Amino acid sequence: MIGIALMGAGRMARVHASAIHAAGAKLVTVYDVVVPAAEALAAETGASVARSAQEAFDRPEVAAILVATSSDTHVELIDQAVQAGKAVMCEKPLAPNLSEAQRCVDALGSQAANVFLAFNRRFDPGHAAVKQASDRSRRDRRLGATDHYQPRSLPAPLGYIPKSGGLFRDMMIHDFDMARWMLGEEPVSVFSRGSCLVDSQIGALGDVDTACVSLVTPSGKQAVILNSRRTAYGFDQRIEAFGAAGMVISDNPRATGLKHFSGTSFGAPDRFRAFFMERYGESYRLEIEAFVGGLAQGTPATVNALDGLRAVYLAEAAGASLRLGKAVELKNNCEVTWDA
Amino acid sequence: MIGIALMGAGRMARVHASAIHAAGAKLVTVYDVVVPAAEALAAETGASVARSAQEAFDRPEVAAILVATSSDTHVELIDQAVQAGKAVMCEKPLAPNLSEAQRCVDALGSQAANVFLAFNRRFDPGHAAVKQASDRSRRDRRLGATDHYQPRSLPAPLGYIPKSGGLFRDMMIHDFDMARWMLGEEPVSVFSRGSCLVDSQIGALGDVDTACVSLVTPSGKQAVILNSRRTAYGFDQRIEAFGAAGMVISDNPRATGLKHFSGTSFGAPDRFRAFFMERYGESYRLEIEAFVGGLAQGTPATVNALDGLRAVYLAEAAGASLRLGKAVELKNNCEVTWDA
Amino acid sequence: MIGIALMGAGRMARVHASAIHAAGAKLVTVYDVVVPAAEALAAETGASVARSAQEAFDRPEVAAILVATSSDTHVELIDQAVQAGKAVMCEKPLAPNLSEAQRCVDALGSQAANVFLAFNRRFDPGHAAVKQASDRSRRDRRLGATDHYQPRSLPAPLGYIPKSGGLFRDMMIHDFDMARWMLGEEPVSVFSRGSCLVDSQIGALGDVDTACVSLVTPSGKQAVILNSRRTAYGFDQRIEAFGAAGMVISDNPRATGLKHFSGTSFGAPDRFRAFFMERYGESYRLEIEAFVGGLAQGTPATVNALDGLRAVYLAEAAGASLRLGKAVELKNNCEVTWDA
Amino acid sequence: MIGIALMGAGRMARVHASAIHAAGAKLVTVYDVVVPAAEALAAETGASVARSAQEAFDRPEVAAILVATSSDTHVELIDQAVQAGKAVMCEKPLAPNLSEAQRCVDALGSQAANVFLAFNRRFDPGHAAVKQASDRSRRDRRLGATDHYQPRSLPAPLGYIPKSGGLFRDMMIHDFDMARWMLGEEPVSVFSRGSCLVDSQIGALGDVDTACVSLVTPSGKQAVILNSRRTAYGFDQRIEAFGAAGMVISDNPRATGLKHFSGTSFGAPDRFRAFFMERYGESYRLEIEAFVGGLAQGTPATVNALDGLRAVYLAEAAGASLRLGKAVELKNNCEVTWDA
């Protein structure tokens, strides 16, 4: 049973602690700058508390480090863990901005392919089935459309907006990774629309809450991503892939198979699964299994630090496109082609 | 263009008049004992008014008679029309009770197979697709379940109950025909449950408003029919066929493809099509086409007077089962096996 | 019963002839430069043949002219019909290009609001329900996404491409009208992606077969339109409207309510309705009813020549955006803001 | 954390061991007559091995006994556990036949209401939502139809048939409990149809593989249960409740939200969840939570030994009805009203 040290004891760290347990791996120790948080999580899980990240790295029974701290500490912790010879899984985003993400990947060198970047949606069974179906079919003509709305019960608190990095880096980052993965080619151009339709204060803080992004690849494959910070009807996260062989949609799974009929309801299905453990709990478990399985077999990470870099690159380019009011060119080396 | 004389100018006659037009046949003349009704329908359709049934039969351009008068006149009109050498389509039921239906078929002799009995649901594209799928697949194991509920907007008026002949003869008659058709074998036993759950006055009038009937064939195929006089959510008429190869369901078609999402609605589909022209209009047109097409090609009626007799037989047997509280045996010659 | 003269006897003219009949109006006369086509349609419908357009305009029992000839003749026929004091319904597009459409509207002056432009999809019950739901709900945040794919059975023949005016003017024209109607505001910017993924010969002819267009309005409402010239699974024409109150989707209606279950099929629904009479037949009938009803009541056209102009304007702007590789600004007076 | 001793180490015992873990209770010890099986399960779960049932009952940290041994040992183990002052949950059926079930309940006396009978489907969120909706609505008119098909991948091995007790006691037992629960009244009559359509050897062994059972309550509520030993398309277990207020269906939940479109597939949904941990795993966890929660609060069992008795009574009555070819009367005290 592989031993894992968890960096962080916040919400995402707890998600990963459960997934480690469910995947049959062993949570050895927990580190968090907020010691009581680490102590609480350690007590619940039977793990020890590490008084520093280094103490966790030094434990011989720890084979892998799972980084789930705040975004601005990811790069340094990845670096230290790799130095200590440990396998690494890091929560998204790789880094809070493009220049740091680029610096991280440069520093990692050939190790970048071994750092597992936790884009959990790749492990969602529905989304993964779309990918498989797309790969099986002829790929000469594909429109991958990714929709994503935050649920009403989880409006982004306004205080959160300034430190979020903005909608493209914070929320659409998942969709950029999905689009790259589904398309199977790196986009060469991005064009964005963005509006403040949910809450004008979000606009006052310099962000948008409703956005539409269009991507295109060298062979002409197109992708569209739609995001909104709020939705009235729950967590809506669909993927639609269209091509010569047909179309595959990963639609929102339901809480149950219930259907309701009345004077105003004619077979109404049950609500969507709630954000985000009900909806994505299985993907977190499968993600840990993929990480641990890859370690056991010595295979490179399924999704790695380079994928993390490219998602951040797309997010910043999308922001630039919105700011500049024009399409922005994308380079394979993540070079910045825009100014102002 | 084949010429048709319509017996009756009531609601069902009007349905057939539209269907005759849509199917590209010609409505020549209309007869009804209520002369103003005949005149009104004739005026709307460009047909003439016949002052008697015989006058209609005597018209040389009339090749076929469509009987859509009240149930108690069907047998006599069929007889006259056949005597006059005309093709006949007759609205269901063949006769108001089993003894008259038997007498009609006896009198028709070999002509019974040529009298088209208007069980329109056989021509509904959804139901017909279930039949085709059932016939294609292995038939060794089949559960045909037919559900049927009257819509809320059309509760059976209480005054209608006594002359309706009761739920089994009036409402479930369609389902008996569907069950026979789907099973592809004559049932050998019928067992009924019946309750008054919609309106206790229906019970006071000696009828039931909620019923469940179970049938079985010699080879062990089973069928279940569920009926209710009222439903809260519209016209619900489904067929489900289950067998070794799988299952096929003819589900209720929708008014449109609309889906609604809100804080209380998560992809709710649009209402069912309304009873009964929106729901079954196409089946009436296809039925006339089958009738007219059969005449042109000289083929026997798709569904005939014998089918009409057998449906009435099942209805009376179901009523007897309910009255006697036991299963009732069915004979291939429609012999009455029950007493009291 | 209002009398209508039909200009044209081709495919669309036949659609309208059926719809005129179904809507209870009277087809008086048919004109077509191909006289045998006019004669055939006249014979089938009981209408007379007009030897010239003017002959049709001169008939006193003709109250309205329905123009369903080739696109390049629309402007002139509209002009003549209006001169003759007749009401006019014209098949889309108003004109083969923007300059002619502008000229037509200028010439019509105040009459432009009375010329009914036949964007039939506005009368589709599913699409219309989306519009109604959108109008009822709060409108401060809306993403109207319109998808449209041509069916496999109707690939655009290559010979048709050069004279079609291109995908934006020929196929997406409907979606531009839908987007304007759903948004309830005139877009101020258009951005297009276009690729040749279906057939490289379409590209050789200077057109695209797969396109994505993004629109935005002054208040920040966004719309996305996706088009493909071919689809593997039938005619796919969906509209999705998203806003503060929720989401409404006009999904593709089905041929029947059939659902299929087998070792490889777990409730698979029936095929979509076929292009385009099965899918849109009802909309053509309702469109004629709206036209005729408006005449009877003296109300302006539900959708008029100005709508026709604006759809052509959006189509040309979308083409320019694709050609120039940048977003194109839209003016309320349909002014051309792009060059090259 | 409540301590549980597990009687049995077979398939169902393993299901419960997982559920105990997931529900946050503690599995203290495992007993099985097959010692290696007990040892294996104990090793996997960290529990001890009990060398006898009594040894398990004697452990002070054991507050509750979970009986998951073969059916013929349930009655004795329940008796012993209750004697030892332990709380008891017992896997269905309560006993292999009616006389033993009756003897068990008689011996338990007032304790019968405290013995938790593990009808897990009552805890399935979809089925439970049907029950809640039924209870909320007016209850004067209800048709609860329960369908149940075994999946193709799990045909009943022929060797299993003789000791299974037959389809009614082995397979339909769940549906009898569901029907009683949904109806909210004890049925007063049962009528059965049964055929051998899946495998004639099942018939040779004296059982049926396809059955339909009809129940009715004193107030006229009707229920229909359909069972088949094999289905081509996976595990099909639906419940449909119909009443004055409308209808609620607990439909089969899907593996994912995937929808597939191609030349032969027009939005085909993903497969059903597989029998039975994927489909019912959550119900097992919620069941243990209900059991443990009830113990903590000192409330009677949600579903108890009397429910177990009544389900067996319905099963034997259904068998008698099939054998005798007539409806069988049911008594509130589970008296046998049939002979032969």
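The letters A, B, C and D name the chains in turn, as written, and every chain counts its residues from 1.
Here is the rule we go by: a residue touches a chain if its C-beta (ideal position, glycine included) is under 8 Å from a C-beta of that chain, and two chains touch if they have at least 3 such contacts.
Everything numeric in this text was worked out from a predicted model, so none of it was measured.
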If chain centres are mean C-alpha positions, then the most distant from subunit A is chain B
If you tally contacting C-beta pairs, which comes out ahead, B-D or A-D? Let me know.
B-D
Pair in A-D, A-B or C-D that repeats B-C, with over half of contact pairs matching by residue number
A-D
Whole-Å gap between the CA centroids of subunit C and subunit D:
58
Counting in whole Å, what is the centre-to-centre distance of subunit B and subunit D, each centre being its mean C-alpha position?
41
Residues of subunit D that touch at least two other chains are 232-233, 236, 245-247, 254, 261-263, 265, 267, 270
Would you tell me which residues of subunit D are touching subunit A in their complex?
125-126, 129-130, 133, 245-263, 265, 267, 270
Subunit C touches which residues of subunit A in the complex?
140-143, 145, 149, 191, 193, 195-198, 210, 212, 214, 216, 219-222, 224, 226, 228, 230-233, 236, 242, 244-247, 325-327
Under the definition above, what is the set of subunit B residues touching subunit A in their complex?
152, 232-234, 236, 254, 261-263, 265-272
